[in-house]
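Take a look at this one; I'll ask things after.
Chains: A, B, C and D, in written order; residue numbering restarts at 1 for each.
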């Protein structure tokens, strides 16, 4: 799960990390009021989950309260990579001696976490990693043993900043680790983290992602979810306990099991088709889940065909087929449906589908079904 | 550091442990008001740090609001083992099916913690340990690896209570561990922890002790300190950064270094004397610390002699002697003073003391000095 | 022979009184698995309808009463890490965790607390382990399997069934099939299991079913050429067409920072001499043809 | 010979820019200790008045620049546990922590994080370690010591000085004197150090100075009779007249639950054939008389 900059900033602030003074606004006049309280100049920053807001014009400097109002008017309502800006963060302008990157991520390869600090801040860390890897300093954090202040200091003293700033950075890293672990985060980033001319330091940006599986015990994190920032169909799928990813093609895909659905996408793509989505109804294939899945896929814009791929395991194919027929009889499905079914009682299942009188095409192999789906999707 | 039952109860409550409904009162009418809010019958419990309040009449049951007022009037102001009762806890009467003991302690021998649960609650755990050790169940808690719910369940299911109660007890033990670690406690006890007839559970008593060395990072715990419950001289010594213990005899003891002072007590006792106190001014022997130490020892009731035992190490005995002379010239010390000094420049130091014209007796050995102190203390 | 589970497996079912636990306990017993006890805290001493299996409050009691040596976990995600640790503390040597949705931090703790110990963990978020004809531990349909000499290791569930069923229909039996799980932090990786197959004289070849995300397939490829190997490996990788940055169902199936693409994995496997099927239907033929 | 520290000791002083750190660095250098570097985070590259010792921000830099193999800690109690871990992470083999007042939880963490590793920790809340004539690490006055063949291990500071001084005045020199510290959780216990003295051909006898609280003296007694020992031991226990339940200065000097009394310790030591002086003044004679 992602949250907005202003929400991550407030988590950092509660943890004791120094953050630039700021306030949020939903209207230009609110933005002006925040700026008047903070004092100008300020930066007005679009709050969206997607990256690249700077290049899209979503961050503006303003030197007077009326400039703040103008900037906020321009940014609020702006569309950035499909996200509509509904909130801006108005932030004091900070004097900058040096920009750094501080971060912590879940480290899958080492089964732990990595704390990352870079003397090149304000730009994409992956870019730094590719071009000037010597500017990035990493330390592994053991999930049980934790992160000690001396580990933070060792990284901080390598950044080539004044000693006073290094000690502040070490403290910030320790606090960043604490808030990361306490909130079941998977990523926390401050980019840039700024050293001021007087050698004090402050966080200018703030980013956090969280482990969806841990939200059951992170109620205050979960309450920061902004579903307005998420794909509406992904939200609907999540509520129905389905795994869904929008892909943009014209062949709707439904299957049971993540690996099987991924493979279905691959086969459809290999056959020249363009999957509209990934949709996994889970290891089973209950009629209710199929119905919810169909409702979601039918909302895909430009949908031409639906391809259902089911492996009958402990649930038998004839039961699955009866469920499908039941669902389709109640629903109005304008697109043709291609069904591939295999596993337990596949022959009986295929017969039930073929005899249903519904507009369903059945195939015993993924490859054949995919070819047919791709053919039907051709305009 | 110790805290009151009502304070420990509130820490437990914040941690999520079920506690009996209660409120505190400083006057009989406040006690009545609390009881009227809770509903009678209630128990009125003296809040003192010392144990044995029950036998001393510090806990009374009351069936009506006016009985509550009477009970509170009797208990408030009562002296229990030297502590004056200033606060009472008014607590709902809980129906009891079974009384248990739940606790967690710092375990010095295993360098960790031990969680303890006993099916014999409401009585002293050391007594249970001596008489019916089979009723006590212990589990070691690793300081880095922590305490897992299954470890708590394993203890809880051994207590011979209904299953539902066992699951609640396991939950309470996990929460007890959490609050223990978060507050740098050295002991946490719930005795009794009660199983009600309906198989729910609730804490009736609450006790916590804390690591004095960790109070610098436990400000909210430190704010619970009730210096009214501590020896006034111990409080004064603590404020002066001196280690002091009241012992009750008539020979005041001052020395530098805990082991040396302990040995001084032993030598004085062996010589037939009765030490009034333990007072360690630390590894050094600055005039300022000696002055503060003297001020404290002079407040010991029934003081007859003062015995000062100093090892001159990196600090030389002549410097120490000059410091002592300086202090004693400014103070009015009615009791005779016996000084034993050894170490660097002992001869010069002894000469300075002997030539000072002050009422000081000096000795080169602890044994000789102790004998003289014991002799002088004889009435 | 086989790996991990066989006729000597004495299994505990953690969460046996739940819906999934009781259903699959029944299925496993019907397959012939020796389910010796169940555990549900607070339900010790009760019975599950239709099951002749004693239920205990703690794993330790179950192990002591029934000499269990393996455990399968069907408890809710919030309690699963603790359930694994409970089995480990009680001396169980093999824990197979079916549960999906366990927080990453919980599995990191479990991994490091038990690292260096004597225990094998499979999963979580996996279908389980089956040695056809001997012992089934998990949720896979038993009938699609057939005893034989090919091992299967897979990060997926139904995709594995699909591949196993294809093998069976082509007359190729399996020694043991292991679902390693679709999470980013799993107990046994391919590189933990391949040496067990290598040491099993009754396994000739292994089908490795990978997917996008992580580097487990690359590690497996490196293992394969580190020394001469007796077993042959055939691979399949799901997610060739998956976009970067999107979690494809499994928590572990995500291309992040440009790493973990199917293309890279396929290339690495082929470079290490492991044939990769471009289509699941090719797998049985590849297994037959692969040089011994 | 000697144990723990000698002329090959290359010492770092953690907290060298502080009041105690700089004072005792001077004292140690004057005694002849090879102080090769100091560490204070944020003061790297500076100098301490009157000391010709380079100062670094981290222990790792100090170890790399000066090939240090030991460290002594004079940092505030709140930062001491981290200072120990920092030295351990940088590969220092011996850490002597002088600081008093470290939270118990911090030392428990340190103990378990470093358990099983290659490091020796002495203290905290101790005067340090001295091998007379060779190397002094800590805060003890150097001149009271004299090179010789008697080891000293003690939970106390000035009481140790008193006893060592008595030995020296009686003509009995010391191989190494170790203050183990007055806290309930310490790095090296008597039973960690006695085997080192047993293995040191230049130590004939050890004076063990114990006090109330804990069971370290009892463990030492048990160690002594577990196998035949070359070294002889003479003991002294402080706190015979101490009341139960009161902390006598040292955090570790407390009789709790009736356990850890001086009487019990003296009895146990004597039962294991270790003579116990009833008075510090008897110790030199006991050391001379004790059977070899």
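As a convention for this text, a contact is a pair of C-beta atoms (placed from the backbone, for glycine too) under 8 Å apart; a residue touches a chain by one contact, two chains touch by 3 or more.
The shown structure was predicted, so the numbers you read here are calculated from the model rather than taken from an experiment.
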| item | value |
| --- | --- |
| Smallest number of contact steps required from chain A to reach chain D | 1 |
| Both-way neighbours, i.e. chains that touch chain C and touch chain A | B |
| Pair joined by more contacting C-beta pairs (B-C or B-D) | B-D |
| Mean-CA-position distance for chain C and chain B (Å) | 55 |
| Distance from the mean Cα position of chain D to that of chain B, given in whole angstrom | 28 |
| CA centroid of chain C to CA centroid of chain D, Å | 52 |
| Residues of chain B whose C-beta touches two or more other chains | 144-145 |
| Chain C: positions in contact with at least two other chains | 113 |
| Graph class of chain-chain contacts, one of line, ring, star, complete, other | other |
| Pairs of chains satisfying the touch condition | A-B, A-C, A-D, B-C, B-D |
| Touching residues on chain B, where the partner in the complex is chain D | 106, 108-109, 111-112, 126, 142-145, 181, 184, 186, 211-214, 216-217, 243, 245, 247, 255-263, 265-270, 275, 278, 280, 283, 311, 313-314, 342-344, 365-367 |
| Partner chain A, residues of chain B touching it in the complex | 144-145 |
| Residues on chain C engaged by chain B in the complex (per definition of touch) | 41-44, 57-61, 79, 82-83, 85-86, 89, 113 |
| Touching residues (chain side chain D, partner chain B) in the complex | 27, 77-78, 101-106, 108-109, 111-113, 127, 139-141, 143-144, 154-162, 165, 182, 184-185, 209, 211-212, 214-215, 238-243, 246-253, 257-258, 262, 278-281 |
| Chain B residues within the chain C interface of the complex | 145, 148-151, 153-154, 157, 163-164, 166-167, 170 |
